[in-house]
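Naming follows writing order (A, B, C and D), and every chain is counted from residue 1.
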Amino acid sequence: MNRRLGIAVIGAGWMGRVHSEAYRRLAGLLPLPGVDVELRWVVDREPHLCRDLAERYGFGRFTTDWTEPLRDPEVSVLDVCLPNAYHREAVLGAVSERKHVLCEKPLGKDPRESEEMYRAAQEAGICHQTAFNYRRVPALAFARELIAGGELGELREFRGQFLQDFAADPGVPASWRFASSVAGAGSLATLGSHLLDLTRWLMGEVTAIAGASQTFIAERPVEDGRPVRVDVDDTSCLVARFAGRAIGLLQTSWVAHGRRCQLEVEVHGSRGSLVFSLERMNELQFCEGDGPSTRKGFRTIHVGQSHPYGGVFELKTGMNLGWRDTFVLQAHEFLKAVLEGRPATPSFYDGWQVDRLIAVAAEAGRGDGWVSVPPVPT
Amino acid sequence: MNRRLGIAVIGAGWMGRVHSEAYRRLAGLLPLPGVDVELRWVVDREPHLCRDLAERYGFGRFTTDWTEPLRDPEVSVLDVCLPNAYHREAVLGAVSERKHVLCEKPLGKDPRESEEMYRAAQEAGICHQTAFNYRRVPALAFARELIAGGELGELREFRGQFLQDFAADPGVPASWRFASSVAGAGSLATLGSHLLDLTRWLMGEVTAIAGASQTFIAERPVEDGRPVRVDVDDTSCLVARFAGRAIGLLQTSWVAHGRRCQLEVEVHGSRGSLVFSLERMNELQFCEGDGPSTRKGFRTIHVGQSHPYGGVFELKTGMNLGWRDTFVLQAHEFLKAVLEGRPATPSFYDGWQVDRLIAVAAEAGRGDGWVSVPPVPT
Amino acid sequence: MNRRLGIAVIGAGWMGRVHSEAYRRLAGLLPLPGVDVELRWVVDREPHLCRDLAERYGFGRFTTDWTEPLRDPEVSVLDVCLPNAYHREAVLGAVSERKHVLCEKPLGKDPRESEEMYRAAQEAGICHQTAFNYRRVPALAFARELIAGGELGELREFRGQFLQDFAADPGVPASWRFASSVAGAGSLATLGSHLLDLTRWLMGEVTAIAGASQTFIAERPVEDGRPVRVDVDDTSCLVARFAGRAIGLLQTSWVAHGRRCQLEVEVHGSRGSLVFSLERMNELQFCEGDGPSTRKGFRTIHVGQSHPYGGVFELKTGMNLGWRDTFVLQAHEFLKAVLEGRPATPSFYDGWQVDRLIAVAAEAGRGDGWVSVPPVPT
Amino acid sequence: MNRRLGIAVIGAGWMGRVHSEAYRRLAGLLPLPGVDVELRWVVDREPHLCRDLAERYGFGRFTTDWTEPLRDPEVSVLDVCLPNAYHREAVLGAVSERKHVLCEKPLGKDPRESEEMYRAAQEAGICHQTAFNYRRVPALAFARELIAGGELGELREFRGQFLQDFAADPGVPASWRFASSVAGAGSLATLGSHLLDLTRWLMGEVTAIAGASQTFIAERPVEDGRPVRVDVDDTSCLVARFAGRAIGLLQTSWVAHGRRCQLEVEVHGSRGSLVFSLERMNELQFCEGDGPSTRKGFRTIHVGQSHPYGGVFELKTGMNLGWRDTFVLQAHEFLKAVLEGRPATPSFYDGWQVDRLIAVAAEAGRGDGWVSVPPVPT
């Protein structure tokens, strides 16, 4: 008789739907021995969204009151898929009931919130994770393996860009993403959170940031056509210093025509280099620095069987893993950590550090020069 | 109260696992209104494979006797995921019990088998489909839309290659794929079936083929190390004529170093051109023939929201749909056809035509010059 | 006091201009020790073209009578840049006066002509070269080095395409290239000559060809707007057998939208693979078959200092050598052979073999199945 | 009877050789009507280099005393190809004798020097040019045309990188490029001068720079093996503000494995985007912002006949213009300006502005935050 692991998904929007599917796919692709994952609750303030998601993914219960699942002793895990303005309340509620929590990114509206969440979770001894799903892209996990294995030598130069063009058209309507009071920042928060997590993960800690942010489209329409002021960055161009000697470039933009979802990283080290682009997420470009000059060049490696997560989806090398598949890997990592009673990764600590970097980047983007990342308070 | 649609999956190997997951994902991604998909039976001659698959995907029953589900009146659909030597028996059994059948490719061991299956299914009035899942790749579906919409004008030239390198190492062990008595042909059957289906789908009917096949690795080891003779093609290089004036190149190979899963098609028409490669399955290269010469060139289009199947996986443009996702779309198309009582596409007719082309190609590959595709018997 | 090497360029059209510049550049880039290259005559039936070329490149004399330079004892080298219908007469004239001859490609209008030229030149003991300038592209020369050095192992599969789109528009006027009586064949002659030379050079001898040719645009306008019948191939799709076990695909087309000048070759061997495209002529894609699977992939090698001809143009790796530069290398190879009294390469023999292949391909393109390349008559 | 235009090339090293060839090629490719370009003097302190260059390119005279050609009334143009520490003296000497001057980049050792040169040249009324040859790359000239024609709309975001790897190996010996006293800066001067010129040319004036420079290889060997201290940047990562609202990223590096000569620019505007990479210098990636979303994407445009400089080298579209060819175009632009008595472009003013930007970038690279580009003194 299997043990049940009850999950409540809070928020039935895009991310709620994607996370829910990921849990459902675990049993087939990555079963947890002796454990049945139970989709127990889905919560949203829109009842029809709850109901719809419950039907699609087999949630046993749904409600518009997010505190209900907290009181359900059969719920072990809360998965917070709300807009980030509501993360804090949900997470702290979960923690107070000693539920394990997976929370969407960015973790908080600002680093103070995320620190509070991290410290509360840590103190309560629960398992916590921030949903930086791109860490589960096999080509990126392989990149990290190469770096960790010393194959790039000393890290020296970094370029990280997350460019999209969904907001390039001034007719794209205003939403919470364009309001600093809710989102904290613009492309820096929405896109930068992923980018900065990968940056830290691959390169180590950022110590200082300088740069510039710009709002090109100062007003956007709302439903009734009335224009609303935009007070967040459309683009941010940054330069970073890392612990050690490395330096690098960072950019986020949602107005970059033709860059549909280009999360691109380029790392140069003393022994080699690599380049990754999310638009071609199953490839890693890798150049070894040694060897004969006649053979030197970037190699296009299609990830497959022998790379990280190679067996999970039973893909032959050259077949493509998709964006949704990364969420299955993320869900698996989290539930395994819960079951094994060990910290999950990336944790709220990582979420907090990213929020600290967003805040530093946003301050830098106002144009006052270098802003140091303060020491992590103990 | 939803109607139940009972499915039996025959064969619990790789394809069986992939198809099973696809059915499970339907409820979340593409629910069939008023219908519950029930994974009722899984069959394999290896009991542990059945049991494992039953547990992973929630099949209600499993057995090593493939006739059992045929006798189950609650089963509406048989999904045949066996090696192709066993397709005929399973399909004819299903048809005789008036079950709808989805069958893996190539449909038969030879075109006589597939004709028999097609005619039996057709006569029985059941819904039948051949598992050419690449028709569900959005970029390819978009390519076909462009062609069908006349945007390439008259079709003129075609290049279709399906190159892999999994068998490039002579140490790769012998298996049924390397025996003509079971597989019918070598790379021509395993890879060529997908390639020829796409060729027909995009270009229309092939009328004649010439070419050459070659076996480079004449012996492969089996478990005890004993070498076994290989009597199928490692590579086939072909030229084809199409109804109309178009001509083209075709190639299959499983010994092409560096081509991991390169199913590539290039179509030139009087008004424009396109190129697709499965290794970058979310992209289509498209060149319009008109317009100013200074702007002429292939455009890299990342498929997304506004392309075929755009909303299903809720991907933003530039995010990647994966190989497994195509099976969800395939399962959906089939079950919808079953429920609507209409023919599914690609049907057994398509499977049969592809088998006819494989046979023609194999004969051409023996090097006797042009081999005409005989008229479809009525 | 330097020895003078007198050169006569016959034909002051495009190729005449390009060859003339190449000779002029030798003194600076690749001086021949103790030798001054003298541009002594330029010949064309259009006096203004002669005069213009003489002025531009410093030819000492010009004439509309191509036999004049033959009678000039100071002329050592004849460079024939005429349309190929006139090659035979000019070459045989040169040979009869024991002038060394460089001739544009295709060498003859048909293989009989080119055999005659080859045999006459050989008998006269002069130095002869066919202008297959792409053999001087460093990336292709490097490809050949890799093959010759055994780094691809046994050669197995070949794809060679020369696709352009200059004639895709039906309004492109008729010219000698579209008339079989003058050009011998269509895209097969104009593009196929280069392609087939590279094919032989990289892969060894072709033994048989099958395929199909097609004329899509049956009429083209001449100056007065009157349509003229086109009787040569717009496209040819071929399959080839090579001495040894290799097989391959070949294609030529001048109606392939978006392929501006795509001379592409792909070679797969037992130990590795390579791909070259003329549109990116400074790159070679190379994949080694051995090594760990996690690192396998095509590497983009930018040719430079350490590749063939690396020092000639003093390019840093990554800087681009251009199309005109290959003619300097060609001219150098020819004049050096002349001065050293050794055969030049590619010689008339190579030109002859290519013309034999064009003829075989054209016959194959008429669709009668495999056409064997007859043994080279002794 | 043609007028003679006497040229003296000062410096017989790499650039001296490349410039000399460019002048020689003018008569054939871009003759100046009524004018004969005379290579009259070549100067170098190494007599054997002078003699060699004189022989190769037909200079009438050579000397180790650079003031000699200044006193030659037949000399109209001085072409300064010395290391930049010697530019000032040569240029001012030329100006005092009212010779027109083309000078290699960077113009001065620092902006004070280049200002002095600019003002002196301007006052003397001579024609002056800085050798930013990449402005003559057709794909970049086409990029500028697109921008100037408003096809990108308002310019918003820029990425400019010039990355090489020639110095990635710590064994690469010390030279003047690694000494700030001679070179002014490291990769910022050698690579950044080209990059910053293109940046200004495409984007307009830079108003402020922040960033970080780093020296990774602190010592390099000299001939006797003794290590020498390196005091310039191996890498600089910068962010820039432009007049108007645009912001951007800039990077130079000579230790970036696999980037052989990657001068890459990416421009995003309100209406479209473009990307150029010098390693593929015959291509421009262009994305139009409008049009249907299903067709949106970067188009690979091979430059050719209908693009800037299209007819000069008589290349068919898809054939490659090479790096050396850009110098022919540069020489032509300069001599034409001299003959027409109009300012040349890019002039010493541009050289000066670039040197001001290098200085600002170098200061910014020391890490003190934003450094404004001071107003151009009048």
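Note that a contact is a pair of C-beta atoms (placed from the backbone, for glycine too) under 8 Å apart; a residue touches a chain by one contact, two chains touch by 3 or more.
On a predicted model such as this, the values are computed, not experimentally measured, just so you know.
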item: Chain located farthest away, centre of chain C as origin (C-alpha); value: A
item: Of A-B and A-C, pair with higher C-beta contact tally; value: A-B
item: Chain centre separation in whole Å, for chain D relative to chain A (CA means); value: 42
item: Cα-centroid distance, chain A relative to chain C, in whole angstrom; value: 55
item: CA centroid of chain A to CA centroid of chain B, Å; value: 35
item: Where chain D touches two or more other chains at once, by residue number; value: 259-260, 296-298, 302, 304, 317
item: Of chain A, residues touching chain C in the complex; value: 142, 286, 292-302, 304-307, 317
item: Touching residues (chain side chain B, partner chain C) in the complex; value: 154, 156-157, 159, 161, 163, 165, 168-169, 210-214, 216, 234-235, 237-241, 245-249, 251, 253, 255-260, 268-273, 287-289, 296-298, 367-370
item: Chain C-touching residues of chain D, taken from the complex the two chains share; value: 14, 17-18, 20-21, 24-25, 27-29, 31, 55-58, 164, 166, 259-262, 278-282, 302, 304, 313-325
